[in-house]
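The structures considered in this document are given below.
Shared between the two complexes below is chain A, which has chain B as its partner in the first and chain C in the second.
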Partner chain A sequence: MRTLNTTALSSTAMIYLALAGVLAVGGAAVALDGGNLFATANLVDMLTRTSLTGFLAIGMTLVILCRSLDLSVGYTAALSSLVAATTMDGQAANIPLAIGAVLLVAGLIGAANGAIIAFLKVNPFIATLGTGLIIKGYLDTEYKGPAGDVPAAFQQFGYTRIAFVPVSALVMLAVAGAAIWYLRSTRTGHHMYAVGGDIDVARMSGIRTTRVLLTAHVLCGMAAGVAGLLLAARFGTGSAEAYTNLYELDAIAAVVLGGTLLLGGKGGVAGTVAGVAILAVLDTVFNVMQIDPFAKDVLRGVVIIAAVALYARRQLDRTARRPRFAISEGRA
Partner chain B sequence: MTATAALTMRGIDKAFHGIPVLSSVDLTVEQGEVHALVGENGAGKSTLMKILAGVHTADAGTIELGGRAVSFTHPVQAQNAGIATVFQEFNLLPELSVAENVHLGREPRRGGRIDRRAMADRTAQVLADLGVEDLAPTAKVGSLSVAHQQITEIAKALSQGADLICMDEPTAALADAEVALLYRLVERLRERGVSVLYVSHRLREIFDLCDRITILKDGRLVDSVDTADITPDELVTKMVGRRIEAQFPERLPGTETGDVRLRITAGGNDYVDGIDLDVHAGEIVGLAGLQGSGRTEIAEAVFGITPFTRGSIAVDGRPVRITRPRKAIASGIALVTEDRKAQGLALHQSVRANARMVLDANRSVHSRQRLARIRGILSSLDLVSRGDDQEVQFLSGGNQQKVVVAKWLAAEPGVIVLDEPTRGIDVGAKHKLYSVIRSLAADGLAVLLIASELIEVIGLADRIVVLHDGRIAGELPSGATEQDVMAYATGRRTA
Partner chain C sequence: MQRLRSAAAALFGGGTGTVFALLIVILAGIFAMNPGFFEGPSLMAFLKQAAPLVILAAGQYFVIVSGNFDLSVGALVGAQVVIAARLIDGEESRTVPVLLVMLAFGLTVGLVNGLITTVLKVQSFITTLGMLLVLYGAIRLWTGGAPTGALSEAFRKVGRHGIDDVPLVGQIPWALLVMLAVGAGAILLMRTRFGRIVMATGDNDLAAALSGARVATVRTAAFVLSGLSATIAGVLIGGFAGVSAQVGEGLEFTVITEVVLGGVALGGGRGTALAAMAGALAIEALFTLFNQMALPATLRPTVQGAIIIAAVAYAARQRTRPAAVTAPATVSPS
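Moving on to the complex of A and B:
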């Protein structure tokens, strides 16, 4: 039964189905509790939650597709919020400069990650853990508290809504759309699947694998930079403390929930967006139902593990030989 | 004719860490010629091919393509010069489609975007040129048969505009029926004026397909001859430098067929059904059948990897329930798996560690004396290594297989299942393995031998059980012809 149902659908369709399921179950649970998950305030809460993790997870999808990883994105985002807030320094006129500075700094961090992984052949886990620690050290010594000042004009990015949809969520979806297009329609994007699928095959096919890997990391860094801009807009100031939220783990969880293989070569941003949404729905449901924080984390952990275990099963089903005598056995 | 040769290599030298692997090797391949490159493992074929593919760079010597001197430092340069190589391990991405694989790294673009329609159309065109009709450009490569994956590789080579395609043991993973398809492809390539450098151990293919043969031994050129001017026996003599009298050793004197050691009664699972099979002590039973007919599935069921869900198994008359490999081992069953590198060996570990792995893992069969015997087993198999500390990944295929066999012999099994034991192994080592198989039978083991090469099953087995679509189609005595076996294997005849 299970095999029949799952193989008929594409992976992405499955994940959106799972999102619908989470919404339905969550909605029912909240309703039983006497609330309404789909009240405007809750919808706003859900969508607001998607944007920050969304930016990080989109970038993370690119590096994971290349069979790499970036554990430094949380620190990059925190640093970016400081770069943004201190560059703006309360002046609306400085906004373009600040955005440019953030993208440059975040992009350079991504480039450093990519270079360490591609040229020094350091395992991505260790490489980005290292760069993350370096940024953390810098933040801890240079910034004892919030710094910089974000002008009201830019704070709009954090708070403006069109109906119940926050602008930041729309920007995130636009970035997701661009990433989907990028992976599908550009050579470098398409080659990320090849590099993650089998780097030797990619190299033997004439793909400049180091360039692809570098590009993925630069884009991932820049996505973390955008997340930092959003942090700055929300807080009205730059915050070094932001890294304590371990955003990178949420991002990785969303990517994996979205059906991208941690071993690379398979998956995509469309699934990641659904993964982000699933996490956001869960958080909102837990919030509305006022579940205590400990149980909340336990439930999140269980959901993530269960989802990935399910994908692993599916993977096995697909690669297994086609049974020849299974039906007769079922009838016997 | 004064046409320029497609490829001329002269005086190629190559050494690794100071050890010469190729010395002054010459090779000429004419345009539209199918040229066999033969030699035992370690003769330097792979190295020569990798130099052509741009994976290695020669220390000395010249390479000319169509009369133009070239030198490669990267595989892509070789590809751009018109040389494509189909390695044994395919360079394909299973998650991508046939068309995406064929155009990998050279995706057609329109207005800066990848043009997927053009990609599919061009792939369909190449496949049509090859006379392949049953392969969709949009099919995911991971879901294809080995034969179709190979076709994808060849299509990739052609779409790169290759004038010379090197094939490394192209039939190693193919069933006999699929080999016919490869023959047709090679003919097509020849008609189109594409030259083929064909590296193979299988003499029949070489004589069926190739116009000329270049023989290497110990890194030196032995000879380049027209196929018409040499007999298979002479070729083998040139390859190994000694004459192998008969291709298959005779049954050893003193081999006695005894009691039933392995009995499968009405065995079946998702993949095979109604399997009734007895293997006696001292007997070699061959399991033949086309790719996917259920040969490996029977081996895996007997060894508890994908157990039978119906029927029963008895070892030495005692019924056993084999649900896991560990139980199979405890019952005295050994399995030499089809995929040596993935399933048979821990490649980064030493000869010693690999050889004692079964004993170390199964205390019930563990004993000091048995461990002590391992060195003796390895020498009795004529293992060639730089010592028992050498990592097995650096051994030749034949020697790797000897380590696998030694690992199982150490456990003193009563039943040994050999799944494709000679895949990718050179002629001399194959012959040694044949003798080993004979001596296993002489020692009273029940041997179940699976091989895609029919000639092996016919040459070694005392009885041949032929599978078709997961069931036993028929049984043949030793000395059956390939036609007999194929009649059952293809379902033309049923028992």
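Moving on to the complex of A and C:
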């Protein structure tokens, strides 16, 4: 138990250290350029950027921990924004109904993903690529342009802020807190690590692995639904075009940047939040310094590869000590 | 009888044979809708259009069968077309030197992907995702957002033209000949020592390494082959469709779909190059069928998604039954 806590802490701490480093270097670079990274406008920009990727990345963390993947979240979010906007239809009274409808639809998509992976034994990459394509075809055929109307009351979710902290970022942090609690303190949360570590061992240890996979995917789908709600609140309407931004790749990048192993069984939501924040800080720094947006893509690619290469180096030392075994033993 | 049964098992067993059954069904569907499709010219036009994807599928096959992914091929195809247009800039005399530059670029991208994956131990999903972002950004950075320049006539010839005045078929496109050459090369390569090591590496890299295979070298070589195939496909697509900023976008997922449809298991160690290329032909034929059924093009992704899930689920069902204990039910590719 103790070894587990210290290793988990040190690796999460390392990521937050990296975040602090990025903030310091970014702040210095902006200062040299004659600006101030920590001016209110820039802080707002930074935090606003975290919320959308944040929701998606939190859900993605759960499925990646189970050694699964979800490439459909971008499409789920786009569909959710349409469901939200068309259900609200400009009426503030419809907001609770719309939120319920979005969570239901997004949860069902997640359940479909989970069922295809757990029962039909389809590789998660293919399964979620497939469901993503199915949703894409539906969106392209049914919605030629923006649809629905989001009442002003709900648009507050996209724009209101308390001091310099946007409400959406606060909600994202609350969801992150809930996810951290869920992974650390509930049975299913622990089982997610076990399933990701070794699904066969988990099954033989009496874990209902299909149920765990299904739960992770449903939660991931619902997180994408919340991201869709945020999209609707920001645009004031539902937008099918949202999926062209390839949010799913951003989310996966944030998760692995946050130290969660793509091969499952190791990592956590705290790291993911730091990963999301690192990407947001980089974006804001580029924005403030008015660097070509395409250079951003180049640097983002390099940062992601470099970060994972660093983690891989650490991981090599650790595999010698069989960390997964230690985790399942410590948690059991 | 025995032979008949084993033939049936090969066709419907969910392995590599199934894709040929699927291809025949789709072609039969096209024939039922439009018998004229199988007359020389329209068949040749179909093959010309499908050739780049078949070539990409051959390259992706090596990467997947060795146990990795290559998500960067779409961006690489786009980069190659933009590089060609910018460097050739309409000058016929520059065609060959620029082709050599493109070849070097494609091989280098493959080599970098391979080295990052094998030496730095970064999962190929992340490596090639990073490479996708880098290529996408770098190309637009270099051209200022929109592609500039123009391709030369000689460059466009391979993608557009062919051997004219052939009896029966009219024109044999160069693209088809390139496709056949690449296909034959891929199939022959899989029969060499190298091919066997690729397969063994994807099946169980530890066992392969313990048997003396140079796992890292073989996996890197697979990425280089993928870079090569993306370069060839880039030449064909550039010649056929011309230059635009969107060339190659999303191609990586289509190609992976096609290879997997061919019965090649993600995670490596299973499937044949021929079936992977047949998977590419099947998907392209399916799109042709949609056109003839006058289905809206926007529905394509939906059917593509449903088919890929169904195909893989079908294959998985067959595989888990006979050997439930030993078969790795959900192998996530690294």
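As a working rule, the second predicted complex is superposed on the first by the 309 of 332 C-alpha atoms of A that agree within 3 Å, B and C clash if a C-alpha of one lies under 4 Å from a C-alpha of the other, contacts with A are read in each partner's own complex, and residues count from 1 in each chain.
Criterion: a residue touches a chain if its C-beta (ideal position, glycine included) is under 8 Å from a C-beta of that chain, and two chains touch if they have at least 3 such contacts.
Quantities reported herein were computed from a predicted structural model and do not represent experimental measurements.
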item: Contacts of A:D198 with chain B and chain C, given as first, second, both or neither; value: first
item: First, second, both or neither for A:R187, with chain B first and chain C second; value: first
item: Partner chain(s) touched by A:L262 [first = chain B, second = chain C, both, neither]; value: second
item: Of chain C and chain B, partner touching more chain A residues; value: C
item: Residues of chain B defined as touching chain A within the complex; value: 75-76, 79-80, 91-96, 100, 104-107, 109, 112-114, 142, 268-273, 294, 297, 309-310, 469-470
item: Touching residues on chain A, where the partner in the complex is chain B; value: 184-187, 190-191, 193-194, 197-198, 200-207, 265-266, 319, 321, 323-326, 328-329
item: Touching residues (chain side chain C, partner chain A) in the complex; value: 69, 116, 120-123, 125-127, 129-134, 136-138, 140-141, 145, 253, 256-257, 260, 265-267, 296, 298-306, 308-309, 312-313, 316-317, 320, 329-334
item: Chain C partner contacts - residues on chain A that touch it in the complex; value: 67-69, 116-117, 120-127, 129-134, 136-138, 140-141, 199, 249, 252-253, 256, 262-264, 292, 294-302, 304-305, 308-309, 312-313, 315-316
